[in-house]
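Written below as C-alpha cells is the structure these notes are about.
Chain nomenclature is as follows: A, B, C and D, assigned in order of appearance, with residue numbering initiated at 1 for each chain independently.
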Amino acid sequence: MSVLVDASSRVLIYGIAGNFGRFSARDIAAYGTKVVAGVAPGRDTREVEGVPVFQNARSACASTDADVALVYVPAPAALDAVLEVLDAGCKVVVYPGDGLPVQDAVEIRAAARRAGAVLVGPNTPGVISPGKAKLGFMPSFCYTPGALGVISRSGSLSYEAGWRLTSAGLGQTSVIGIGGDPVKGLNAGEAIDLLHADAETEAILYLGEIGGADEYAVARYAERDDAKPTAALIVGASAPPGKQMGHAAALVGSKADTQAAKVEALRISGVHVAANLRALVDAAQAALRQRETITT
Amino acid sequence: MSVLVDASSRVLIYGIAGNFGRFSARDIAAYGTKVVAGVAPGRDTREVEGVPVFQNARSACASTDADVALVYVPAPAALDAVLEVLDAGCKVVVYPGDGLPVQDAVEIRAAARRAGAVLVGPNTPGVISPGKAKLGFMPSFCYTPGALGVISRSGSLSYEAGWRLTSAGLGQTSVIGIGGDPVKGLNAGEAIDLLHADAETEAILYLGEIGGADEYAVARYAERDDAKPTAALIVGASAPPGKQMGHAAALVGSKADTQAAKVEALRISGVHVAANLRALVDAAQAALRQRETITT
Amino acid sequence: MLMTEHAGKSLLAAHGIAVPRGNLIRKGNQVRSLKQSYPVALKVQVPSGGRGKAGGVLRADDAEQAEAAAGQLLQREFGGERAQTLLVEPWVEHTRELYLGLTVDGQIGGYVILYAPTGGVDVEHQEPHKYAFGSPREFRAHALRELLASAEADDALRERIVVMARRLVFLATAIDAITIEINPLAVLPDGKLLALDAKIVRDEAAAFRQADVAEEIERSRKREPRIVAKALAGNLMMVGLDGEVGLISGGAGMTMAAMDMIADTGLRPACFLDCSSNPTPAGYQLAFEALDADRKVKAILVSIFGGGTHIDRVAKVMNEIMQKRKSRKPVVFRMNGTGRDQADVVMQQAGLQNYPTLESAVDSVVAAVRAG
Amino acid sequence: MLMTEHAGKSLLAAHGIAVPRGNLIRKGNQVRSLKQSYPVALKVQVPSGGRGKAGGVLRADDAEQAEAAAGQLLQREFGGERAQTLLVEPWVEHTRELYLGLTVDGQIGGYVILYAPTGGVDVEHQEPHKYAFGSPREFRAHALRELLASAEADDALRERIVVMARRLVFLATAIDAITIEINPLAVLPDGKLLALDAKIVRDEAAAFRQADVAEEIERSRKREPRIVAKALAGNLMMVGLDGEVGLISGGAGMTMAAMDMIADTGLRPACFLDCSSNPTPAGYQLAFEALDADRKVKAILVSIFGGGTHIDRVAKVMNEIMQKRKSRKPVVFRMNGTGRDQADVVMQQAGLQNYPTLESAVDSVVAAVRAG
C-alpha cells in the first residue's frame, strides 16, 4: 500500500504548458505515474508529452477521469487553480508553489476539507510512493521501495534524506513533503495519521526544523500506545533567533521554536532523534529495529 | 395557510433586552405569536415579558425548540447574530435593522441559503400573517385576514397600504417587507414564489419604488401563464435623478431605475398598476376581481 | 459614496492594479512644477459620468499647452460642479481599450464581474458580459474564464483579465466597495493592462470599519447647503429639492409617496426629509429648524406612518416643538401607526389637528401654500 | 513584516479601532511644536518586543520633561537598534489593561483569537485564552463569547471584546495581517476600549496585492548591510551571520543542515544564503559577488540538492562563474539531485571537484578555512 498516490492514480497536471509542467509530465510519467490530462488555460496547446491538454479542469476530469491534481501556477493564481481542481472533483491535490499568502493558504486548506479532499502544499516538492507513483519534482533516484514512511517540512532535506536512506538500503513506503509554510494543506499530525493507517509503513521518519509546532504533533503521536516507531531529524540548531531561515515558518520567536526544545520534546516522547544529518540513517534504523522487536 | 410564519411558529427574539426587543416581545405576543425565547448576550436578564432569556441562540433553541428568529442588533453586530441563529437551527430569520454593509448582507444571504433557511431583511419591518402571527414591528391594526398577498420594499408604505386595504375590507394572507437595501435575504422574485405557492393567496400586491431591479422580477412573474393576478404601486415618480431617496437602493441612475420605466414594464406584463397612492385600493381590487373571473 | 478618479486609482494601485503615475493640481500654473514628461492628459476630478464626452479630459504636448488646458478646465462646470482639482498623468499609448468592472447585483444578492471587449466613452452602447458569483468566496476564475471565452478572442489577454478580476474581488471586500469600474482599461503594446480611469463607489454603511469612508461622508456633508448639512449631521436623511412644501416624514416609501402626491397637485416638495433614522426630539427639532429657515418653504407637512416609531411619542414632541416655535409657516399633521390612539389624545389636548388621510393632509398643506 | 507601533495603530484606526491620537517626532525639540496636552507618553518606534521593560516608554508631565525624555530615548539602542522616531501620545488614564490578539496557528491551519484578562508588560506569565476558528468565514462571535465566559467576568466588557475581535478578523483579511496584537488594550473609565500598543505583522507573500507591504519590504531591504540588500534585491534569501564559511545553498532545510554541520566543526557560517527562489545565472553570480566581497568569508561552500532546480544547469553556471571569477577564496562544491549524471560530466570537464557527500564537502571547506 501507499498513501495519497499509487500506480492507479489518474493524474492531471494543471499548468502543464509551463516549464515545470512540461518537465513533470515527462518525469513523473517516466516514473510510472499515470498522467492522463493537462490543463493550460488561455493556451491553444492540445498536447504535451503525449498528454491531452484541456482549457479547464472540469473538462479534463470529465474526459479522462483524472482524480489527482498536481498544480503548477504562480502564487497569485494558486487559490483559483486549487479551487478549480477541487470543484472538478480531484481528491488529492498537490500545490508545490511557494510565496502563497497565508490567507489564501487558509482558504484552500478549508476548501479541500469541505470537498473531502487532501491538499499537499504549498511550498513542497510533493509526494512519492517509491516504485509506484510520484506527484512532484523530487529526484527519483533518491528513493526505493521499503518500510519507512517519511514526512518532511523541507524539500531539499527530503531528497538528501531519501538518498541517504536509499544508499543505506532503507526503502520507503511514501515520502510526503508537507512544506515549509506556516499554514499548509496536510500538516505533520495529519500526515502521520496517513502513515499510521498504512499497513506497509513499519516506522516513521520525520524531518523537521525550527519554528512552528509540527514537531510537537509528532511528539504527541509518539506518545500514543499504538504509535509506530518514529525517528526524527530537526535542523536549525545553529540558526540565530529572530531571523527567518528561508521558510516562512522557520523562525525562532519563542523557546518552543528552538531546535533544542523540539529535540527534547521528541526524545521524551520516545522518538529516535538524530543529533545531526550524519546520524540520520542510524536513527531511522533504530526505529525500524524497534518495530522488529515489537512484532517478534 | 400563510407564508414564513404562522400561529405554530416558535419565535426567538435576539436582543430581547433592548428597547425594540422588549416592545416586540410584548407586541407580537399580544398578536398571538408564540414567543418562546429571548437571547441577550452579556446581560444577566433571565426573563423579559414572561419569556425566558438565554445567553446564546444555541441554548435558547435547544431549551425551547424555537425555529424562527427575530433579530434586533445594530448593523455592526448583525452578521454575527444572524450566523448565530442560523447555526442554532432557525429556519426563518428576520433582521429588521438598517445600515448593514452590503458585504455583510451578501454574507448572511449566502449563509441562510446554505442553511436552507429564509432570511428576511435587512431594513424591513418584518412579516405579518394577519390573524395568525407577526414577526416584526408593523402596527397590528393595519392588517386583517384575507386573500391578498402583499410584498413591500418600504416599511412605512406597507403600513399605509395595509391600513387602506383593511379599511376597504380587503384582507391579507401575508404582508412581507423585503426591505429597501440593494442586497437582501428574500428579494421580490423569491417573495412572489412564496405567495404563488400559498393556496390562500388569491392575488398579489407589490409595493415598489425607484432603483434596483425587483420590479422587473415582478413583471417577469406576471408574464407567467399560471401567475396569480398582480397589482402594484411604484413610488418615486417625483424623485430627481442621481439622489438617494432614503433607501440605499432607491436611486435613479439609469432609465430602468425610473418610476416611469418600471410602471411601463409592469403594465405591459399585465399588472394592475396604481397611478398613485389614491388608486392603490382600486388596483388591488382589480387584481382580486381578475382572480374571481379566472376561478368562475 | 463615489470617489474621485484620483482617489479610486490610489486604491487600485495600493492593491496591485497598475495605474498611470499621476499628480493632482489645484491651479493651472502648478503644472510647471510637476516632474512630468509630455504629452500628458489633464482630467477634471468631479464625481459624475460622461466627463470624457463633456470635454473634461484634455491632452497637452508641452507645459505651455498644459497650463492653458488646466486653466480652461478649472473654470468650467462638469455635471453642475466646478472641479477643485485636476489629475495630470502621462498620456499613455495603448493598443486597445477594454471595460472591466465589479458591482453588486440585487437580483442575485451578491457581486458580479462585468466585462466588455471595447471600453471607452461609448461603452453604454454595448451590454457588458456578466459573471454573477454572489459571495466573494464563490468567485471562480474558471467560471469567469469560460464566460470570457466567447467575449474575448485574445487568449493571453483573457488570462490577464481573469487575474485582475480576482484582484477586484479582493479589493471590493477589503475596502467595502460596491462598484469598481475601470473604463477604459488599456492594453499596452507589451500586453500589460493599465487602468486609465477608475470609478469606485464605497459602501457608506461600512463607515464603522472604514475610517476613510467616514471621513469622506463628513467632507461631502460639508459641501452640501448649510441646511442640508445640518440635517445630515443630525442623522436625518435629507435631500434638498426646489419646491414650496416642506416635508417632514418617516420612511423612504411614504416620503416618496407623499412627494408624489404633492407633485400631483402641481406644487413641488422642498425636500426629501426622512426622520426615521433619528426619530427623537432633537431630530424633529432640527427638521423644523431646517425648514423654517428655508425661505422657499411656504408650509410644512408632517407625514408619519410609524411602525418602529411610536407616534404617540412623536405627537408629544410635536406639541413641545409647536409651543416653542417662532416661525408662522403653516404646519399640517398626518400621523398614524403604532400608538395612534394615544397620539390622537395628545394632539387633541394640544389643539393640533391630525388629518385622517394623506390625501386630506396634502390638500390642506397645498391650500395653505396657495393661500400664503 | 513587523510594522512599527505607529504604522500598526494607523491601520487599527483606519478600520474603526480606537487608538490614542499620536504624533511622530524625529528630534527631541520637535516635542515643543506638537499640539499636545500633558502628561504624554514618549515611545521609541523599534520593531522589537519587551520595549516597555527595557525603558523604551517614558512619561513626561510638561514640555521640558518631554524634550529631555525624547533626547534620552533617541540616543539609546533597543533590541540592538537605535530608534529613528518617537511616538508622542497623550498619557491615557485607564482602569484595566487587557491583551487581545489575532494570529495564525499552523496546527489548525488558520486564524485564532487570543485573549488574556490581564495585559501589559507581564503578559508572558499567563497563557492567553485561545479561540481557534480557522478560515475567517468560520469566525463565530457566539463561540468566542462562550470561551470568554470563563475568561472575563465583566459582561459588558466581554461584549466589547467580541465586537473588537470581529473587527480584527476583518482587518486581518483586508490587510493580509498574520498577527495583530493589542497589548495593552486599555479599558477607559467609561468602559470603552483603547489600543495603547499595536504589533501588526503583515504577510510578505501578499505584497503583490498590498502595495504598502511591497514598499516596506523595499525599505527594510535598504536598511540591511549592502551585501545582504543586494542579495535580497536579487530575490535570494540571505541572512547575514557572523562566521567564516560562506554558504551558497538551495532550499531552507538543506541550508540549515549545512549550517548545523559547519557549526558542529567549531566554525561558523557567514550567512544563510538560499538561492532556490532565483536559481539562475544572475542569481548565483550575485551570490558569489556578495560572498567574495565579504572579508569575513574565508571559503565558500556550494551545497545544492536539487529537485525542481536541475543541477546540470547549475553546474554549467558554476563553471562559467568560476572561469570569470577573480576572487581566490577557495570554493568547495557538493551538488546532487535532478540531473546529477550530466552535472558530474560538466564538473569533470570543467576540472571542478564535486564532493559526493555533505560531510566530505564540509570537511574540505573547513580545512580550507583553517589553512587560509
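Here is the rule we use: a contact is a pair of C-beta atoms (placed from the backbone, for glycine too) under 8 Å apart; a residue touches a chain by one contact, two chains touch by 3 or more.
Predicted model only: the values in this text are computed from it and were never measured.
> Can you list every chain in contact with both chain B and chain D?
Touching chain B as well as chain D, we find C.
> Listed by label, which chains are in contact with chain A and with chain D?
C
> Could you see whether A-C or B-C has the larger number of C-beta contact pairs?
More C-beta contacts join the chains of B-C.
> Farthest from chain D by Cα centre, which chain is it? Let me know.
B
> How many angstrom lie between the CA centroids of chain A and chain B, rounded to a whole number?
Measuring from centre to centre gives 53 Å for this pair.
> Can you work out the whole-Å distance between the CA centroids of chain B and chain C?
26
> How many angstrom lie between the CA centroids of chain C and chain D, rounded to a whole number?
Those two chain centres are 42 Å apart.
> Residues of chain A touching 2+ other chains?
76, 107
> Send over the residues of chain C in touch with two or more other chains.
Correct list: 137, 173, 208-209.
> What graph shape do the protein chains here make by touch: line, ring, star, complete or other?
other
> Give the pairs of chains that touch; include all such pairs.
A-C, A-D, B-C, B-D, C-D
> Name, in rising order, each residue of chain D that touches chain C in their complex.
Residues 13-16, 137, 167, 170, 173-175, 208-212 of chain D touch chain C in their complex.
> Within their complex, state which residues of chain A touch chain C.
Residues 41-44, 55-58, 76-77, 79-81, 83-84, 87, 107 of chain A touch chain C in their complex.
> Using the touch rule from the top, collect the residues of chain A that touch chain D in their complex.
Contacts found on chain A: 20, 75-76, 96, 98-103, 105-107, 109-110, 125, 136-139, 141-142, 152-160, 163, 180, 182-185, 187, 189, 207, 209-210, 212-214, 217, 235-240, 243-250, 276-278.
> Please name which positions on chain C make contact with chain A in the complex.
137, 140-142, 145-146, 149, 155-156, 158-159, 162-163, 166
> Can you list the residues on chain C that touch chain B in the complex?
These residues of chain C touch chain B: 104-107, 109-111, 134-138, 172-173, 176, 178, 203-206, 208-209, 237, 239, 241, 249-257, 259-264, 268-269, 272, 274, 276-277, 304-308, 336-338, 340, 358-359.
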